[in-house]
Amino acid sequence: MIYLFYLFATISVISALFVVAAKSPVNSVISLIVCFLSIAGHYILLNAQFLAMVHIIVYTGAIMVLFLFVIMLLNLNKSSEPQKSLITRIAAVAAGGMFLLTLLGAIKNGIGIATPAGYDGGIGLVKSVGMSLFTDFLVPFELSSVLFLSAIIGAVMLGKKESTAKQMATGDSAYAGLNQAEHIVR
Amino acid sequence: MSALILTSVLGVILLYLGLFGGKKLLAPVGILGLLGAIVLFVMDKQYINVTQFANMLSFDAMGISFSIGLLVITILIFIFGIDYYANEEKNVAEQFALMVFSVTGALMMVSYTNLLSLFLGVEILSIPLYILAGGKRNSMRSGEASFKYFLLGSFASAFLLMGIALIYGVCASFELPKVMAMAATSGTNILFLLGCFFVIVGMTFKVAAVPFHFWSPDVYEGAPTLVTTFMATVVKMAAFAALYRFVTMIGMPPAVGKALLAIAIVTLLVGNITALRQSHFKRLMAYSSIAHSGFLLMAILSNSANTPSVLFYYTFTYALATVGLFIVFTVAKRAANGDEHIRIFRGLFRNQPWIGVMLLVMMLSLAGIPPFAGFFAKVNVFMLALGAGQIGLTVFAVVMALVGIYYYAVVIREAFTASENDSVLVVAPSNLLVISLCGIAVLVLGVMPGWLL
Amino acid sequence: MVKTDLLTALVPAFPLFGAVVTAILRRKLKGNSAGMLATLMIVLSFVCSVVLFAGHEVVDALHSAGMHQEHPAEGATHIVKLFDWINIGGMQVPFAFQIDALSLTMMLIVTGIGSLIHLYSIGYMHDDPRVATFFSQLNLFTFAMLLLVMGANFVMTFIGWEGVGLCSYLLIGFWYKTPAYNYAARKAFVMNRIGDVGFVLGLAWLFSVLGTLNYTEVMAKAGTLSTETITGITLLLFVGAIGKSAQLPLFTWLPDAMAGPTPVSALIHAATMVTAGIFLIVRSSALFALAPFTQDVILYTGLITSLLTASIGVFQNDIKKVLAYSTVSQLGLMFVALGLGAYSAAMFHVTTHAFFKALLFLGAGSVIHALGGEQDIRKMGGLKGVTKITYVTFLIGTLAIAGIPGFSGFFSKDAILMAAYQEHPMLYVATMAVSLLTCFYMFRLLFLTFFGTYRGPGSETGTHAHESPLVMTVPLMVLAVLSVFGGFLNLPHLFGGHEPMKHYLETAADGISGEHLFLSETTEWTVMAITVGLILATIALAWNRFGKKTTLDPDPENLPAFQRLIARKWKIDELYASLFEKPYQWLSEHFFSIGERMIMTPLMIGSGHTTERLGKLMRRFQSGNMSFYLFGMVMGMIVLLVWTLYSV
Amino acid sequence: MILIALLLIPFLTGTLLLVARPAHSLVIALISAIACAVIVVALWLMPGSEVVTLEHSWIPQWGLNFKLGYDGIGLLMLLLTAVIFPFIIAAGAKETYENPAVVNALLLFTQSALFGVFMSQNAFLFYIFYELSLLPLFFLLLFWGGANRRAITMRFFIYTLFGGLALLFGIAYCVVQEPSHSADFTALHALHLPYDVQVWLFWALFLAFAVKLPIFPFHSWQPDTYTMAPLQGTMTLGGVLLKMGLFGILRFVFPIVPEGVEFWRSTVIWMSIIGALYAGWIAFRQTDLKRLVAYSSLSHVGILCAGLFAWNTYGISGSLYQAFAHAVLVVSMLYIVGAVQRRAGTTDLSKMGGMKLQTPRLAALFFLVLINAVALPLTQSFVGEWLMFNGLWQLENGGWMALAAVLTIILGAVYMLYAFQRVMLGPENKTLVAVDADRDDHLFLVPLIAITLVLGFYPAPILHLLEAPVQQLLSVLN
Amino acid sequence: MNDVITAIRTVPLEHYVVLSFILFSIGMAGVLFRRNTIIILMCLELMFNSVNLLLTAFSAHHSDPSGQVFVFFIMLVAAAEVTVGLAILVMMKRNVDSVDINQLNRLKW
């Protein structure tokens, strides 16, 4: 069992790294999908069957496709992304590393979470999660509809194609040179 | 709860209104709906102080006062919206609706008793705002603001989530009472502390505290003024209420207290000092908002019985003044053909004495000069901090308050200096109404703070 | 009693009334009316004083007791309290007058000589357009001087003290168009102020130890104080006296004060105000008598001052300056007397000096008037034929000041010389030297002015010169009479007198009762003879040098070095200028240019600028670059995390 | 009720003026100010009315009460304000301002705030009025100030608020420490803080007043501001506003941190005295008449503060008495400055001289004002200074303090007479064409001079007022 | 079923915590590392997912379904966010013709 965990863990970490490192966005997407799948594997290991399914459907099925779709739509699949300067990248890696170190250092003496006595392996099943979702978590569930509605409105509002590019310029003309003109009247 | 339902439904109604061309009706209906929500809050006695919906929300005294405050501010912004969107054809309904949705999220944030409600509240509050910030679709600045806000906001959300997850890991529950009970016993658990820390990171991002403040000047500047107003007021109120709830829940372990203290200090410093050399009004207000976050964090830090009322008084009066000022700004900006430098206020008093006086009142309130509301707000914060034994912090805050007065005074000075060219300021009646309401409220609440508490 | 109170209040009230009325109506009062009114007021005041004097119990007592009063009569001191002036906490300073022998003497001098000088001024100031103002100020001065002498406590005296200083300032600078006069006025006021500092401090000290400032109580309690305290207090009071009475080191203002109209010089800078210092010391003689060190200081200050200024007087060419230095010198002599504990002698000299110095000043004024404003004695001469009355009276004044037996100055000066001799023969020699110098320069003055031939410009004979009108000469004559017979006020035993003045004053000033002259009559006669002989010799010397002078004296610049130094007043003015004035100005300028402009203001502005600069710097962090923002957030978070989690 | 009236009369009149901008604003303002003066004088003359208290619940949640009242010291301050303000307003008659109605309104607002300061019995109430008094001044300076007014106004505003915020901190600290949190002075005065707290809290409470007065190292704002401000602004600042500093010291510093005062007393006294000497010294070489007056005020104030900190009957009552004198002095002196400026067209001393030839009456009035400035006996100033010197003397090492303090009377004489000479005396100024003081000038100055002389001659009414409260203050010491 | 239970328990909770931290850090570093907005968005998703994993692990550990419900909500929110984010991205791409975050620096100071 633990070997399976290690396997999935290795896959997810490597694919995650690849997401970050990949030159082409499509490659990133693919590795992210791999990563997500491996995470789904973890879910299954944890007997969270419902989550595993939803995860694959939502992430791999919807979100990642959306990503791919956008990449295609905007024709971003060029590895022409200008690299950040070396210093920035080193700093980024250092920051990530330091952050990880800090976190790991924090738990070096154990996480201090006691193992509960009783155990119910079935909580990850659809039935259990569903019960919880539609009883205790009903209100958030309903309210999340608002979230989606907003997201939809947003997508429509922002994603709609604007008439011409010229308007952009005029819209901003008032700001022209503002940064330069920012002298303080004293 | 009925109010939550009402606001959610109100958003949909507004969308439909927009769909069927009732543009003129948007704001009135919105205002009516929000008023209705206020009425519902006042009426719905059965929910008061009772943790409802499987420990998701609890409309206790603090929740209700903040909710009503939020709704009042939103109403004011809606009235502002009448004039603000008067010349716009597209997407007006959507923007109003998004604001209503956002308020719904804010209402959740101020009365959550479950970390899930907090998280959802934050997201419901934020996602409409990401969109609203990009509301001026033909403006690069608006887009940039939207994007910055979104990206940084999501980034912060990730931390918030991480924090919640860690807390859950230790406490095995998302419900505040249970977490509180666990915090009492295992408050020093390292994961728990990490969790608290990350949640605070997420929340302080929303209140624009240093070092998570970077978004605010840029977003304030780029977003449409109305949205900026909304962000500066509603978001701040909601986020502070949420932060306070969270802090009381975890009972302020020393490590968290230290983190908050450090954040408060740098926030005060950066907010006030950076604003000194700022002459772009919206950015100035952003830094001012950061600075005020610093003061509010002091109140949070003290974590005493008075903190909620002080927080409410502070945020509400701050919001009133900010709304009024942004409207004055909009008016002046129009007269100055879109310039946003503070020099646009020049000649304001001569041109429109009443508006000038109102600007003065609101600015002074923000600066914390008596007898305006900001004064008692600050005093109470100081007293809370002193009550908690934070003498050094208070001294520092006092010095920073002094620095703060300077940049407000600079704006006042501009407004009360005669201008070279007499451009005519046109103030729509609705705007005049809001400005006057805000100004007078700030004054009245400053003189009689008891009426609000 | 009521009558006394009323009269007492009226004495200062008249001049005050006169001052106010003439000031307010100065436009309306044409011609001599202002002068008349003012003079009338002083005369009324004088009359009141005389009535008071006559009604004074001590006078009766002295008469009835054949002037052999051993102990002051009961009721010799009469306090007239008008109201509580400053009354708070333990401090009670009533607005009260003290009527006793001392104050009555001074009142009589002030109002008496004051009346004469007022009268004189009517003529002297006749042509001045601001004559009413002049009289107003003169009246005000009299008022202040009366307060000074009549006050029943130190603070009352201080009111007058400052008041006369103010009037002195006003009157010195009366002709305000000339900057030099204004400067002189300012100098006088400031120097007086320096003395006042001492006075105030002395009073504060006195009050803090005794809890009262009323003369009667202070004198009664004086014995309870330690010697150190008394020495300190008296030294401070003496500083006040120095300022007012123009002693070293604060004497330089008095010669400059001659810028004022001559009657002013006569009244203020000769007869009354400058003697305030002596008055003060006599008034508090009970204190001074207990402070031997202070007395020594007074003695030597007086001595040095009188020698120094007498020497300067020899080389002065301005008629009024000569008199001014003579005044300082005479005041010095009075201080010598005070230092020797001869309070009565000092007061006696005050009185006679008031007579003859007023006379001399008025005479000088008459001369100046006659010559149309000329003050340089080198340009005078031969006036005795033209201005007869002036000449005669001036001559009498000169004789009096020189100490020719029979004249008032002789008796008073002799008393001081005797006291000096009694202390130490060397002191006698020194004071004698002062007398001789006085004698010399006074006769030089007399001879140069009235004898010889006219040396002035424009005319060979000085034909345009004319005698002054009656209104001016009458006071001269009265004063001349007083100068002659003033000495009988305090005729010493030696000449068969009973020293009535001394006995009278004894009732008021405790110090006087402690005086004892124990020289034998022979010694006294011998000393006196030597004195007179030397004086006569000096007169002869003066006559020899200046009696028939027809040519101009050499310019002081051409004198030999040492004489030039003296003629330049020992360069004391220059010394003060470089020692005090220059540093004062330098400090004033540099406190401003360095202290304010380079430290204080930059500190204030700089702190603001620094903050602003910091703001500018911090603004750079808001670079607009998202990577930076993200990085900033993360780094901030890491720092916070490390700091909070690992340091708990 | 009458106390409320005092607050409202100027405030409402001011509002009226601001809104309606009538042509005869000066008259209206003057009537209002005189009405206040009448009320206050009536309060003063009515026996047994020395402490009137009006208490009303204000912010029940924080236990704050709206509490007005006054003791002898408060009454003196009220009297001072009420008496001086008609003059300050009347001084505007000669000025040619744009929008005189607004000026008058601002002045009336200041007056209202000042009344509030002197009557409030609650620390927060005090603070509110204290800061409120600053705002009208801010605008007065900003609109009607002289050269470089924008920067200087800002400096003045911020510097004063710097002190104000320190005070706020101090108040907040005390209120927190005090169990009832009511911020009532009575409660605060009963508070007994630990010694080491008092030692530092002293500065928090004192700083505001040190800046307001201002005393030595905190004075940098003052000369520029006084010089730049319009005449009436300077009058208000120097005449009345700085009295709040003294009053505040008596209200806050002495009763709340007596041990702190004890600890810092000689430091403060020396600071004040050094400042007084320093300013007096500087005043001498000033070429601008107004700046000279500014420094002279600074010098006077130093002595005021030193006297106050002598903390004995004479020191405090002398200081308060002198406060009154100083108010009268500053107003009259500045009026003279204004009169001279109008005639000579400048305040530059080096360009003046010989004015007396053409304006003898003005010169006479100037001189009468001047004698108050140099604290000649029988003027008000003398009584105050005399008491203060005595108060200082009675301290430990008081002799040196008194000596140093008394030196200011020399400095005062030097610069005042110098100024007088530069302006008025000297040979005729051919280019100058000046009219003499007219009826208005007399109407303005003569009453002030009369106050000076009358109260210098008969100070009992005021001193009597101070006796009891000063004793009460002193009882804190034990 | 017991097999499953024991199976789940064979992996210590710490492992999940560490894994989650690692993924989170990688995501975070990615956000800092890349300039391409779309990849940054993906990195954000990665961060969310690490949290999901953690929550699920905790949930399983505590036998409490609410953790998994929370994950469900996170997915929900993530979906909404991605929607909005990509919409904004599209808008940006249209406006400035770039998805490079360093191009977005008009708003500053």
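Each chain carries a letter (A, B, C, D and E) given by its place in the written order, and its residues are counted from 1.
The criterion applied here is as follows: a residue touches a chain if its C-beta (ideal position, glycine included) is under 8 Å from a C-beta of that chain, and two chains touch if they have at least 3 such contacts.
Keep in mind it's a predicted model, so treat the numbers as computed, not measured.
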Chain by chain, through touching neighbours only, how many steps does the shortest route from chain B to chain D take? 1
Centroid check, CA-based, most central chain -> D
Kindly indicate the chain pair that has more C-beta pairs in contact than all others. A-E
Please tell me the distance, in whole Å, between the geometric centres of chain C and chain E computed from their C-alpha atoms. 98
The distance between the C-alpha centres of chain C and chain D, rounded to whole Å, is 37
Express in whole angstrom the distance between the two chain centres, defined as the mean CA positions of chain A and chain D. 67
In whole angstrom, how far does the Cα centroid of chain A sit from the Cα centroid of chain E? 3
Multi-partner residues of chain B (each touching 2 or more other chains): 116, 120, 123, 127, 130-131, 134, 137, 140-141, 146, 148, 151, 155, 169, 172, 190-191, 194, 217-218, 277-278, 280, 406, 410
Touching at least 2 other chains, the residues of chain E are 13, 17, 24, 27-28, 31-32, 35, 41, 57-59, 61-62, 64, 66, 69, 73, 77, 80-81, 84, 87-89, 91, 95, 101-102, 104, 106-109
Per-residue overlap in chain D, given as positions that touch at least 2 other chains: 150, 158
Quick check on the complex: what are the chain A residues that touch chain B? 103, 106-107, 109, 111-113, 116, 135-140, 143-147, 149-151, 153-154, 156-158, 160, 162, 167-168, 170-172, 174-175, 178, 181-186
List of chain D residues in touch with chain B within their complex: 58-62, 124, 127-129, 131-132, 135, 138-139, 142-143, 150, 153-154, 157-158, 161-162, 165-166, 168-169, 172-173, 175-176
Which residues of chain B touch chain E in their complex? 116, 119-120, 123, 127, 130-131, 134, 137, 140-141, 143-148, 150-151, 154-155, 157-158, 161-162, 164-166, 168-169, 172-174, 191, 217-219, 221-222, 278, 280, 283
Parts of chain C lying in touch with chain D, wherever the complex brings them together: 23, 83-91, 95, 155, 158-159, 161-163, 166, 169-170, 173, 176-179, 182-183, 185-186, 189-190, 193-194, 196-197, 200-201, 203-205, 207-208, 584-585, 587-589, 591-592, 595-596, 600-601, 603-605, 608
If we count contacts the way the header does, which residues on chain C are in touch with chain E in the complex? 619-620, 622-627, 630-631, 634
